[in-house]
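Before I ask anything, here is the structure I am working with.
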Amino acid sequence: MTPKLSADDLNLLLQSEFPYSGDSLARVEAVGEMTARVRLPYHDRHLRPGETISGASLMTLADMAMYVAVLAMIGPVLLAVTTNLNINFLRKPTKNDVIAECRILKLGARLAVGEVTMYSESDPSPVAHATVTYSIPPRT
Amino acid sequence: MTPKLSADDLNLLLQSEFPYSGDSLARVEAVGEMTARVRLPYHDRHLRPGETISGASLMTLADMAMYVAVLAMIGPVLLAVTTNLNINFLRKPTKNDVIAECRILKLGARLAVGEVTMYSESDPSPVAHATVTYSIPPRT
Amino acid sequence: MTPKLSADDLNLLLQSEFPYSGDSLARVEAVGEMTARVRLPYHDRHLRPGETISGASLMTLADMAMYVAVLAMIGPVLLAVTTNLNINFLRKPTKNDVIAECRILKLGARLAVGEVTMYSESDPSPVAHATVTYSIPPRT
Amino acid sequence: MTPKLSADDLNLLLQSEFPYSGDSLARVEAVGEMTARVRLPYHDRHLRPGETISGASLMTLADMAMYVAVLAMIGPVLLAVTTNLNINFLRKPTKNDVIAECRILKLGARLAVGEVTMYSESDPSPVAHATVTYSIPPRT
């Protein structure tokens, strides 16, 4: 089962669907069978007290990485919605891009569940780990 | 045990600590003993496909509501950091302000755990529910 | 919307569906509109190192409390299954019965989400808090 | 950093610490650097309606797998306690042993976070996935 959408397709789709994100928008780097890699470019506006990337930025990135991984497999079902997200913050991210690696654990007819591991660029220790569930609307 | 910081104190603190948030910043409406109410003003930039408030906005709001509830009780310990956040999305929010009601379940020396229920303005059915854990740095 | 099953109905149902639980089985004390109260009777076999009730016992209780609350509302749909459970352990339970108070946050056609707060008998501080999602099979 | 305890050490420790578990006790099969593999032997008492392994059994197994992985690395700190567990149930387990593969994502001085993927014996599709946080007591 190969992806139905490429990284380029998904980047165009995100730009049109999230017009307010501007240069805060994450960038899809690669998609594969049940996987996606997404990058959040560093920007000062993602910082929080302590000079670290905010938890909000990492949660948004995790959610986006799973959205991308699911749409890559099922096509542009824009109304897929998150039903649950659980995130553990592990280490203080450095002031760099954050890379999210998503792996789908289950792609069912109604629910998709995946896990997302996030890293500061060029550091192999994860900064956060999330599990995300999407509800997939009935397809006609 | 009464709060050490008022809603006004906390609003000033958030404005200085999150300078990039502009008019997207949530507003503290009330704090009490182990509780806080925080409002996310409606803005088009919070929308996602389907004309609904994005999950990212709700997660950010839940995290902020717990941050506010904890700081109200322990004072301006800015380096308190989220270690875990779990959120269930329950209903599509309407295009209105979102209100977050936070209740601290445990305020320990090292960890604080709370729950946050979120509502669209003037609708009593919750749109999302989160549990949030903060790690509190050792105080000297 | 009143419950379709009473506490007595549910206790009979649990006894027939979980025949191996013996005197470890939780007991339904009360059901209401979107709520249930379930009691785990104290038994040494629920202990873990540190002379406290095991996390496994509390997780099982939380899951059971939500199962009971959902079946009370929708009737004996035995194949309702848990899809997600998130639990925060807050305080060491004492060597007493544990009471679980469940409140359903959303009862949809496909998913039900609820929260469960657990207490040691006669102590008002919660020992654990869980959120639980059940998938409800299509009804014919 | 090699494990301080072997699989045999850990099995002896579990047997002495969980005397009531009898033949329901999970068995440690292997430990490595920040990893553990634990097996839940099949038993009818783990079933729930629908002839499938109960969620309670899988949650207990996930918690045990993380306990084992942490103790292997830090030694027999029996009072390490779970603070958070999040589990997604992915597929109906078959009537077979369940294997849990645990990987520690962060082993800090105060908190350890790991993920656990569970499989029915001889089926490569995961039946459940959990993330687990343990609080580690101060060592003297």
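Brief remarks follow.
A, B, C and D label the chains in the order they appear, each numbered from 1.
In this section, a contact is a pair of C-beta atoms (placed from the backbone, for glycine too) under 8 Å apart; a residue touches a chain by one contact, two chains touch by 3 or more.
From a predicted model like this one, the values you see are computed outputs, not experimental measurements.
Matching residue numbers shows that B-C is the pair in B-D, C-D or B-C whose interface repeats A-D, with more than half of the contact pairs in common.
Ranked by separation of Cα centres from chain A, the top chain is C. Superposition of chain B on chain D using C-alpha atoms only gives a rotation of 180 degrees, nearest 5. The distance from the centre of chain A to the centre of chain C, each centre being the mean of the chain's C-alpha atoms, comes to 33 Å. Look at where the CA atoms of chain A average out and do the same for chain B: the two points lie 22 Å apart.
If each chain is reduced to the centroid of its CA atoms, chain B and chain C end up 28 Å from each other.
Each of the following residues of chain D touches two or more other chains: 83-84, 86, 88, 133.
Residues of chain D that touch chain B in their complex: 83-84, 86, 110-111, 133, 135. On the side of chain B, the complex with chain C involves touching residues 84, 86, 88, 90-91, 105-106, 113, 115, 117, 125-126, 129, 131, 133.
By the touch criterion stated above, chain D contacts chain C in their complex at residues 17-18, 20, 44-45, 47-50, 55-56, 59-60, 63-64, 78-79, 81-89, 92.
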